[in-house]
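Below, subunit A partners subunit B and then partners subunit C, in two separate complexes.
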Partner chain A sequence: MITSFVLRALNGRITITIAILLAVAALVPALNILVPPGNPFHIPTYAVSLMGKYLCYALLALALDLVWGYCGILSLGHGAFFALGGYAMGMYLMRQIGPRGVYGDPILPDFMVFLNWKELPWFWYGFDMFPFAMLMVLLVPGLLAFVFGWFAFRSRVNGVYLSIITQAMTYALMLAFFRNDMGFGGNNGLTDYKEILGFSVQAQGTRAVLFAASAVMLALCLLLASAIVNSKFGKVLVGVRDAESRVRFLGFRVENIKLFTFVVSAMMAGVAGALFVPQVGIINPGEFAPANSIEVVVWTAVGGRGTLMGPIIGAVLVNAGKSFFTGAFPEFWLFALGGLFIAVTLFLPKGIVGTVEKYWQARKATRKASETSRGGDVLTAQPQAAE
Partner chain B sequence: MIRFLSSLILLLTLAVSGHAQGGADPRPLIDALGKANFKQAEELLGQIAATGDARVAPALEAFAAGDLYARKSDGAVFIAKPAGKNFKLIDPLSGEEVEEAGKGAVAKIKINNNLRRVIRSTLGGLTLLSPDRATRLRAAEAVMRSPSAENLELIEAALEKESDGAVKARMEQARAVSLLASDRGVEEKRAAIDTIRSLGGRPAIAILMTAAPAVDPALKEDLNHAIRQLESNLAAWDVAQNVWYGLSLGSVLLLAAIGLAITFGVMGIINMAHGEMVMIGAYSTFVVQQLIRTNAPQLFDWSLLIAVPVAFLVTGIVGLVIERGVIRFLYGRPLETLLATWGISLILQQSVRSIFGPTNQEVGNPSWMSGSFPLGGMTVTWNRMWIILFSISIFLALLALMKKSSFGLQMRAVTQNRRMASSMGIRTPWVDALTFALGSGIAGIAGVALSQIDNVSPNLGQAYIIDSFMVVVFGGVGNLWGTLVGALSLGVLNKFLEPSVGAVLGKILVLVLIILFIQKRPRGLFALKGRAVEA
Partner chain C sequence: MTEETNAPRSLLYLDGVSVSFDGFKALNSLSLVIEPGELRAIIGPNGAGKTTMMDVITGKTRPDTGTVLFEDTIDLTKRDEADIAQLGIGRKFQKPTVFESHTVWDNLELALNRPRGVYSTLFYRLSGEDKDRIEEILATIRLSHRKDELAANLSHGQKQWLEIGMLLAQEPKLLLVDEPVAGMTDAETAETAVLLREIARTRSVVVVEHDMGFIRDLGVKVTCLAEGSVLAEGSIDFVSSDPKVIENYLGR
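Let's look at the complex of A and B:
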């Protein structure tokens, strides 16, 4: 059953994308490590980390697409799940510093020594163990999403109301994490990492492995998302998006469907955050900022929501553009981003992938109309964006 | 009693003969201070007081401050002011400078706390009869601060002569304070406790507390009762002050949210650029003030009144352009509107940053907006006061516009049933555009008010956007009254949480409470009923 679940996920394009991602996971580290720096094919380490960052963003956008593009829940708080996953990873990395911190305390991270704390708060226990930390990367965002979604979906908060309260959620979390006495480093967040699993975080090899891990994780999540979307459950999901009341009247428990998707998506976002933190080297409350979450929405919208490849393409394109603009014309980045928001909503409501797809379909339809000889070959119904 | 009578007679004669040359010449008494020990000095002070000569006041003040010195050569006493290495010697009575003397030529007259207290009450007694009203008032207050039985007779004598109401009341209180410290009868003291209680506030509690240990057992109950009553009074004023702060915060929220209540509440447009409209309003105020500063400084006090219509027009026009340019293509697609307006907000922010720079701009307060006045046991600042009044009047004006004008009627018709309204001949696109412009214009007016209490920077709007949405969603979409109640109750709730959990945690709690509240009532406090809900 599981095999069939996975096999259904592997339609043509998904297989190709996953293959590309795996190839990238192997190729980029190889070009970084094996090719000498003078060679034109050499990829410098900073670029590897930068691309790794893009892949984490792509994973975050994919997570958002699962709830927004397929289930119609526009979450303006996905940055919160991303940041929570990042904090769980950051806590593990902080515990790994051990006595090498500025104050040299074997247990307490520097900021706690600075705040005159005498012992580790209870919620920091266990984060010295990697498996526990990884479990928390999944569980903490998942639990928050579960509790939040349980209340919200059960009382049928939807549409813009849901968007606004998810925004309020991430805003509240941001305020909370800015407080020093929360025990997460306050304003400065968690930084100054030394090692991950015994390997130096700064080392070229570790960076390459982290990049590869991001690419593989993105491929895995893409597979999972594709499996969900192409299963029977996925059909119901799209039904919820397009006509929630009808699906409810047909006897489905809409709130459970939404809740499941929301939790899965939050966990994916958490994983993205956990991969993001060691590559960037810091996690701070700024990641909870509502503006960040909205930016994720625009990546997804640019790439094409309701398609699986769209968010990945959108996240990589927009972030590459951001890196370019903030370097070349720093004042113009916000103009460009703002213009992108408007242009996408006005002219490309289906995003890049959706528009290209539509064009292909139209072409196919005309070709089919001209050579009426052959039937069949019905396109797998691609979900359309909710209007 | 005899002492009382004698001092009364003394004071009466003083009052009749003016206040300068009544009794003996005070100079020998002051000079005698130079050689006196503490006990003698206290007696001398009594005699100096008995002269009733108001000219000794500076000398006594200097004595209390430790600035009274005796010249070693002849024992004459002077007020000394340090002048470089030397002292400037000043005649204690006339206030004229006599000479400069080295540090070795003079000796400081020692002072202790007991003497200081005696001096204070002596001074109080001396000035209680001054012809100057302000001096008398100050003197009464001085007596109140240092209660002692000795003052009692002085002040009672002064009370008989007093005709000014306010001074008299203060003297009554001073008398009560002194009376508690004296050995008068229980009944008189009971009355005194009542008088002090009428004084109210923390000072009265402090006076009663200091009097408590020495008081008659018979009065203990009265005293404690009075203290308890004062404390509960104080607590009530604290609550009132909190409510006031809450209303003030609530009125700010109301200002920020009320424009949103129109665009989001009435039209259903999620305008994420709403905060930027507020920001543009604030910047309009800044520009208006700059123009006034350079061209017509005398109009500065009117700058805010001028800025209100300017800000309304500027932001209204910006809103109109946004509606015609972007939003009208997105009706019926709220989530896309949200994204597009977010993009607009980024562009507006960056434009303002490019034009005015990223730093805070200084917007001045006109004179009628600065300062504060006391109201019972709390202080009310004028700018908060005006902002509350301003936001309420904006609210009422908007309500009137919606309910009484034909434009309001058309607006409501389009909201309730667009197609029917259209077939009745209402130009719905035009109404949409004007409604959006109205909401934006109101946001601009809010910016004028917020420029008075917040930093005017390109990020001004960001700080308010989430709060504004919370207010509108909490109050109930499509209902102006809901926005009013929502804003004020959120403001008050915030201020009541603040003292116990701190400002940030209070805000977080409020957000969590709203999130929970929306679960319970997804359509807010005052939900619209009927089919419009499911649209």
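Let's look at the complex of A and C:
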């Protein structure tokens, strides 16, 4: 049963994408570590971490695509799940600092000593253990998505209203995390990490492994997402997007379908955040900023929503563009981003992948039509465009 | 106890059902009984409450007062849409509502009466039995030759049939059909009448329709609604000769 579930996920394009991701996971660290710095094929460590960051964004965009592209839920708060996963990882990394902090307290992170706290708050317990922290990376965003979705989907909050409350959710979390007495480091967030699983987070080898882990995790999540959308459940999901009431009157519990998808997607976003934090070295409340979540929507739209691969391509391209622009013409980046979104909406409503797909289908259709007309069956060779 | 009392006397039983929206009485103490295996046509002017009645039966709208029973015992006012669909009431909307980005085949596969939970749908595999059932429905709705095409590419009439096919796949005991021939050609209308009669051989069907010619084609018992309650009930000739019906609906 599981095998058929997974095998169904592996259509041609997905298999190729997964193969590319796995190749990248091996090749980039190799070019970083094995090729000496003078060589033109050498990839510097900062670039490895930068690309690792893009892959985390790609995973976040993939998560959004599952709910937006397939289920029609436009979440403008996916950055919140990403940030929560990031905070869970950040808390683990803070606990790993131990007595090496500026104040040298064996248990308390620096900011708590600075705030004159005497003991660790209860919600920091267990984060010194890696497996527990990883569990929280999944559970915290998943639980928030569950509670939020439970109320929103049961009350049939739809469309733009749902988008607005997801935006409000991430904004509220941002304000909460900015407060020092929340116990998450206030506006400075969590930073100054030393080690992950005993390896220095700054070391070249660790960075290479984190990059590889991001690429492999992205490949795994792509496999999972593809298995979901290619199952009967995935067809129901698209049904919910296109004709929700029809699905309901066919006897499906739409709220459960949405809830499941939303929770899975939030967990994926959490994993992306957890991989992101050790590579950039900081997590702060700025990650909850509403604008961040909106940017994810732009990446997904640029790449092509409802295509799984599109958001990955979109996230990498837009962020590479961002890195270039903010370096070359820092003041123009926001204009470029805005212009890009308008251009995509106007000229590529299906995004990059969607447009390419449409082009291929049109080509295939004309080729098929010309073949059948050569075969003499003129009736079926009517071009589709005539309708 | 005799045997007769065990078999349900009515499939659908509405008594004194009232619904009002902002003071407007969409249904005003409506009473209606549909027997098992019956094919019933419902006519009435715009705003007579035909669609609201369907909304009440399928759980979309809760009535203010009144009783709605399915198979004599199940209180439909306490259930939601998904529950009621699973009990065996299928509904066709006025505007054809199919999954346009799915193929005709997938539309039917989704509608099949199989476990509909998250887990069962994630791990669902098309069995030979399900395949046969879909083929059979495709033949009934005359769409076998277009099974691999996207539903979006179907003509209006074919979408209507596909939606009827989806309801069949659901294996309902009662089928509510809202204006099935609106926007159809005459040939399609006649074919739809045949199709509905065929379907009604194995289950109850309630058809809401404006097209009097179509209702005459169906040749069944007719209920005329006006202002939220039943104006007249009987054969098409009986109803259409009723002076109240002529005044309210048919016009002189």
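We take it that the second predicted complex is superposed on the first by the 372 of 387 C-alpha atoms of A that agree within 3 Å, B and C clash if a C-alpha of one lies under 4 Å from a C-alpha of the other, contacts with A are read in each partner's own complex, and residues count from 1 in each chain.
What we mean here is this: a residue touches a chain if its C-beta (ideal position, glycine included) is under 8 Å from a C-beta of that chain, and two chains touch if they have at least 3 such contacts.
Because the structure is predicted, anything quoted here is derived from the model rather than measured.
In the superposition on chain A, A:301 makes contact with subunit B only, while subunit C stays out of contact range.
In the superposition on chain A, A:22 makes contact with neither subunit B nor subunit C. In the superposed model, A:337 makes contact with subunit B only, not with subunit C. In the superposition on chain A, A:50 contacts neither subunit B nor subunit C. In the superposed model, A:349 lies in contact with subunit B only, and not with subunit C.
Put simply, more of the residues of subunit A are touched by B, taking subunit B and subunit C as the two choices. Contacts of A:5 after superposition: subunit C is touched, whereas subunit B is not reached.
When the shared chain is aligned, no partner comes close enough to touch A:120: not subunit B, not subunit C. Of the two partner chains, neither subunit B nor subunit C is touched by A:143. Common to the subunit B and subunit C contact sets on subunit A are residues 387.
Across the complex, subunit B meets subunit A through its residues 270, 272, 326, 329-330, 332-340, 342-347, 349-351, 353-354, 462, 466, 469-470, 473, 504-505, 507-508, 511-512, 514-516, 518-520, 522. Only residues 74, 148, 151-152, 154-157, 159-161, 163-165, 167-169, 171-172, 175-176, 178-179, 290-291, 294, 297-298, 301, 331, 334-335, 337-342, 344-346, 349, 386-387 of subunit A touch subunit B when the two sit together in their complex. Contacts from subunit A toward subunit C in the complex involve residues 1-2, 4-5, 228, 231-233, 235-236, 238-239, 242-243, 245-254, 256-257, 260, 384, 387. Those residues of subunit C that touch subunit A in the complex are listed here as 58, 81-83, 85-86, 90-91, 93, 97-102, 106, 109-111, 113, 116-118, 121-125, 153, 166, 170.
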